[in-house]
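In what follows, a single structure is set out as structure tokens and then discussed.
Order as written gives the chain letters A, B and C; numbering starts at 1 within each chain.
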Amino acid sequence: MIAYIIRRILYAVPILIGVNLITFVLFFSVNSPDDMARMQLGTKRVTPQAIQMWKHDHGYDKPLLYNAAQRGVDRFTDTIFFQKSVRLFAFDFGRSDSGRDIGSDIRQRMWPSLAIAVPVFVVGLLTNITMALLIVFFRATYLEVSAVVLSVVLMSISSLFYIIAGQYIVGKLMHLVPISGYAGGLSAFKFLVLPVVVGVISGIGSGTRWYRTIFLEEFGKDYVRTARAKGLSELRVLFRHVLQNGMVPILTGAMVILPLLFMGNLILESFFGIPGLGSYTIDAIQSQDFAIVRAMVFLGSVLYIVGLLLTDISYTLVDPRIRLR
Amino acid sequence: MRRRSRYPVRRGAAVLWILVALSLVGCNKTPWNDPYPAADARANVLYSAFSERPKHLDPARAYSANEYEFIAQVYEPPLQYQYLDRPYRLVPLSAAAMPEVTYLDASGKRLPADTPARRIAYTVYRIRIRSGIRYQPHPCFARDRRGRPLYLDLKPGALDGIRTLADFPHTGTRELVAADFVYEIKRLADPRLHSPIFGLMSRYIVGLKGLRARLVEARRTDPDGYLDLAHYPLAGARVIDRYTYRIEIHGKYPQFRYWLAMPFFAPVPPEAARFYSQPGMAQRNITLDWYPVGTGPYMLTENNPNRRMVLSRNPNFHHETYPRHGAPGDAAQGLLHDAGRPLPFVNRVVFSLEKESIPYWNKFLQGYYDMSGISSGSFDQAVQVGAQGQESLTPAMRAKGMRLRTSVVPAIYYMGFNMLDPVVGGRSERARALREAISIAVDYEEYIAIFRNGRGIAAQGPIPPGIFGHRAGRAGIDPYVYDWVDGRARRKPIRAARALMARAGYPGGVDRHTGEPLILYLDSASSSGPDQQALLDWYRKQFAKLGIQLVVRSTFYNRFQDKMRKGTEQIFLWGWNADYPDPEDFLFLLYGPNGKVEHGGENASNYENPKFDRLFERMKDMDDGPVRRAIIERMLRIADRDAPWVWGFYPKEFRLYQAWDYNVKPNPMANNSLKYLRIDPGRRARLRRRWNRPVLWPLLAGIVLMGLFIVPAAVSYARKEHRRPAQRS
Amino acid sequence: MVKLVFLWTDALLYVLVATVLLSAWYIRSHEHLRAPWREVLHSRLGVAAMVVLAAYVTIGLLDSVHFRMPAGGRAADGAERYSGRVLSVLDLILTPLRTHEEETYSAPLATRLYTKETVELPDGRDVRIYPRLRYGGAQLRDPARERIPDILHTVLRGAVFALVLWAALLALVVARLARRHRWRVLHALYRVLSGRTEHPWNVALYTAGALILFGSVTGHLAVHYHVFGTDKVGQDVFYETLKSIRTGLVIGTLSTLVMLPLAIVLGITAGYFRSWVDDVIQYLYTTLNSIPGVLLIAAAILMLEVYMANHPQNFQTVIARADLRLLFLCIILGITSWTGLCRLLRGEALKLRELDYIQAAQAFGVGHTKILTRHILPNVMHIVLITVVLDFSGLVLAEAVLTYVGVGVDPTTYSWGNMINGARLELARDPVVWWSLAAAFVFMFGLVLSANLFADAVRDAFDPRSGTTRGPGSGRRDVGA
């Protein structure tokens, strides 16, 4: 088991190098260091000398990937790519192009992101499972049909509509919660209610349908039929057997998403003005701050790989027959 | 229906709990949707917002409006603009009096004041500052009992547990001295700081270029460390005594006095630079670029660009009073009510991060922001334009007690032609006719009406109103684009433009020689705003009037700048915001030796007309007067004829103020105006409550509706349980 | 004559349509392939969804034939001159909607502008009123009195017209069924209307009826009114939302078209060959998958912008630029979404290669290519089909979100994303401008809902263990909110 995990972590290294290379190439095929300098130096009275100076100070005056002027290994190490990537692997994100320390920004912005992503995830999971169980419970009635149709209807509505409508009705017309913004500590509650509710509702349609199929499949299995034939009450069957066994694919499936909750929710955060990592990423894309973009991609990839690892481990924990090689 | 549940009671209880929780929030009588802590409901706090985190708060680096919004309240340059007077007038701020200006010849001999500019080799500004001004409390000034600095030689590990500047337990202060001003001027040359005005100032301040060279050398060995600038003398900026210093510049540059009102020339204490340069500070984002140290009315006490920035009253602030005189009419508006009272009035200014205009506007309407601009989407809601074009608030806004203040911003938005382009550029008669035709066809009056709701004035030249040299009335129109009809300027009819097109060789927009339709390219920096599409469509329509196909290429701003620098654009949209209220700051945008492609200057259309350039050189150093006005007049005539720009429009700014705001008068030149504002927190709290009564019935209706869905579910459940025995048998 | 203009997305759409028609013809001639489709046609919701989708597709295809109209006159060399404006067949059909531009906002079916304007009276006085529209209800002399009766009258005319059309359609279906089954006409009519036919013809007819009614009523109204009002620059919102249909369809279909070859080839080769091929392909998709999708899309769109800025001569018209951006968006959406399908196919191929007959084929020395194309590929096609139909609606929804983030379609392209984006500003107005949002909502919802229902029907028919192929979160993990 431990050997397996170590192997997987080693396996992650080439993936992260690949991710870095792709980000790097993509970014610099659209953005020259000159562009970045101009972006940072502002809009008025920028001289070419100032741009040169900026590039030199920030280490962007080297060749991108291959330095023909150097010898030996230095041909690859004395480049922007190597210099800027190597420290990432020690999780030292360095400073953003506008001069702030990225690591401390990430640590600060992580909490608002989690404050919204975790409730959306947990409440969403609970709601969806409850709804799915109810649908299974009422199967073969008109309630099931209408609930299934309703969930298709719900998932056919763009999440933007939920957000816009929620903000308009609850925030603007009913004066129940602040329209946007965030505060630390307990007072975060009033800022988070609406985004969480909107986030949960926009996920209900697809989530419920997906869990319903899982439960229905479980329901069709022999042991459930046996249990029901033995006269166990419907509710008991549902909770003891269907729910418990159905949770296995649900939870293992959720594992891969779990670490990514750190990355925050791009759309919700930017609509509701929540200063999390999602809006951090969007801002960085819009202001073309390569250092932040690279750090966020790196972080995202690491978390994704951790998620895959967690999924594998959770499989073995749930089903001892699976052995990790 | 989604909320249907088998546990109606428990669900109901949950809803009740939420209601209880919500009412706990509301029990101390602040509205539920109040985004601020309840304790501050009646505090003397001004609420504002920032949409983008400011990049730099270092006075040597900051150069944009959103940065000045903060640091102009913290740093005090020698001069400032008088708050109420129009036209704009400079008055001393940290200086005791206006600078004494003397002119010298090449050998350093004094020249009389009326010497012609070309004989002046140097100008000396001698500035005496007020004594007794003290810096805000700051750890860099903290001293122990024996008077040694506490935090200037920190040992490794001393920063453990420190995350923000507020975590340092001790602070101190010090009197402001002339050396601090000189120190800041030297900082402009520091290569680490990338000061945006270094390029410009190195041409004027004596020895600044040489200082840069020496500093580059010094930085080579120690790129990040503390550089004691006292060891690097600068001929152009010297301390005379404790309270006096002098700046020496090449030639005559009368506009230099305006720079003295900008934070670039504000004092910076060397202790602060030394304090911030210690190892470990930058990793905590504790830098001079983030925590300004000044003498101003406010100090930045909370600095979280990810959420909010807070300015608090500086307890050491020197005595400054509200102006006793204003422009005509100010007294009637109550703007002199506080005359002579000590500044500032507001204790704290809270800036919240608000990236988008829509939530900002909605919160403003709910009373959670104290002032607001007006976006074009919400314009009709707030303002109505009367028959004669006078603006007033809508009844709904007046009922809320809001007030509207308008001002013409010293800025211009124009559509430029790249004069290096073979089709639209050059000074040939053909290209000129084409440019003129386009100038007539692009109907900026319509633009202002559609996209700016009338908040602008169609421009007749590069100089906006309120700046010396602006032409108004009949004499002021661009005669190639406008006619004077019935006492007002009227754009020439589109026929005239079509005739010009034919003269240029493109009858009906088709090249007479090739028979191909004329295709032109418009470059713009994309704003990705919702209006963008309509805007670009509008431009296409304007060109289509002449049969020209317009291809719009909108790209990101830095990419756009790159194109401009390389000169690959054809037609472009750009603007200029004045640094100071002087015609030189606008006319230099058309000065040949300032060409963007060749000289890297700000003349983006690369316009070059020797006659214009000669006049410019004469005009720029003159003092305002009839001679200067006449020269400007001649320059404008030349520019009218050559039409390097479609003049575009001068923006007009509309700002809304809540009923509880006092002493509001927009002053686009003065960035440090927060100290004049006064608010009435009690009235604000009352109105906020009245405007934000929670509407609960939809929630209750929702709960009832959910209950209705539970009934059929329960019935179905009961039936199912009932049926089971039968199934079993 | 008009001069045809071929846009990239047009061409690809034609390829797609040809592929669909060819495979339909192929399926018709193979009984084992026809069976699941017959099941789809038996599902009532599936049939209704198909009818609605067909309507959308028709509009989309009409909007995909582009041309330039003659501008009159001849060029110097005698060639005919064409206007610079590129139009589509749909534009021609909708000419009144396209050309009836007002000054600014007007509400649905209004006769006056939504905002007050200062108007100069003949006697020189200025007054602030809601001015009459240039086109909306322009035929009325006294709109306050005549508007409602006129609208009702038009609706009635539209309804009658729709009824006639529908009756003709009904007659056609009845006649055909009667002839095939040798029923009497009245009997056939009875069976069709009560649903006692092999396929649910009644559902199809009712759905078509509803669509015809909607189309006819709005069509009649649109001649004299703006059915969904006008937007900020006075353009008819109904026209905008109809034009947006093509964008939605292109993104939903072309993205999958782009990703299919990648996913299929890499997926089944990885599963079939295993060993280092598998390792390389797995590495490839894990790496791609772990990059946040929005970032990849943003970078690709930026890249295109730069390319277009550097090669302006290749993109003479606005529509060509916008089209290329749309195509690029499709490609990059395809690239970010192929990994999911690839993984599924790899898993399936891993299973299939262990089956007896493939082992046998290998033992007999049949070439790998032949085994892959003859045995593996046909056996995974149902997974491909299900993925394609399931992805469609997600992609249409993703467009709106991406456009909001600023990395979606060109701002000049008509799309629901652009409409929603603009509508946010309109909602902040007071009185609120709701019709753009409403129109975008209704049309987008119609497309996505019918696509979802259709996808359900297809999945039920093709996948014996329906629903186990994908779950939420396995798709675009960071595009959708």
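Quick note on the criterion: contacts are C-beta pairs under 8 Å (C-beta built on N, C-alpha and C of every residue); 3 or more make two chains touch, one makes a residue touch a chain.
Since the structure is predicted, the reported quantities are computational estimates derived from the model, not experimental observations.
In terms of inter-chain touching, the protein chains here all touch one another pairwise.
A comparison of the A-C and B-C interfaces places the larger number of contacting C-beta pairs at A-C. With centres taken as mean Cα positions, chain B sits 35 Å from chain A. In whole angstrom, the spacing between the mean C-alpha positions of chain A and chain C is 29.
Taking each chain's centre as the average of its CA atoms, chain B and chain C sit 43 Å apart. Chain A has residues 270 in contact with two or more other chains. Contacts with at least two other chains are made by residues 302, 305-306, 406, 424, 427 of chain C.
Contact with two or more other chains is made by residues 362, 556, 559 of chain B.
The touching residues of chain A, when paired with chain B in their complex, are 32, 34-36, 38-50, 53-54, 57, 95, 98-101, 104-105, 108-109, 130-131, 134, 137-138, 141, 143, 146-147, 150, 154, 167, 169, 171-183, 187, 189-191, 201, 204, 231, 233-234, 270, 273, 275, 279-280, 288.
Interface of chain A with chain C (complex): residues 14-15, 18-19, 22-23, 26-27, 29-31, 152-153, 155-161, 163-164, 168, 199, 202-203, 206-207, 209-210, 213-214, 216-217, 253-254, 256-257, 260, 263, 265-268, 270, 281-282, 285-286, 293, 296-297, 300-301, 304-305, 308. Across the interface of their complex, chain C is touched by residues 358, 361-362, 375, 377-378, 380-381, 384-389, 396, 450, 510, 513-517, 519, 521, 526, 528, 530-534, 536-538, 540, 549, 551-556, 559, 563 of chain B. Chain C contributes residues 283, 286-292, 294-296, 298-300, 302-303, 305-306, 393, 397, 400-401, 404-407, 416, 420, 423-424, 427, 437, 441, 444-445, 448-449, 452-453, 456, 465-468, 471-474, 477-478, 480-481 to its touches with chain A in the complex. By the touch criterion given at the top, residues 1-2, 4-6, 21-22, 25, 31-35, 37, 55-56, 63-64, 191-192, 194, 196-200, 223, 282-285, 287, 289-290, 304-307, 352-356, 359, 362-363, 366, 368, 556-559, 561-562, 577, 579, 600, 602, 692-696, 698-699, 712-713, 716-717, 720-721, 724, 728 of chain B touch chain A in their complex.
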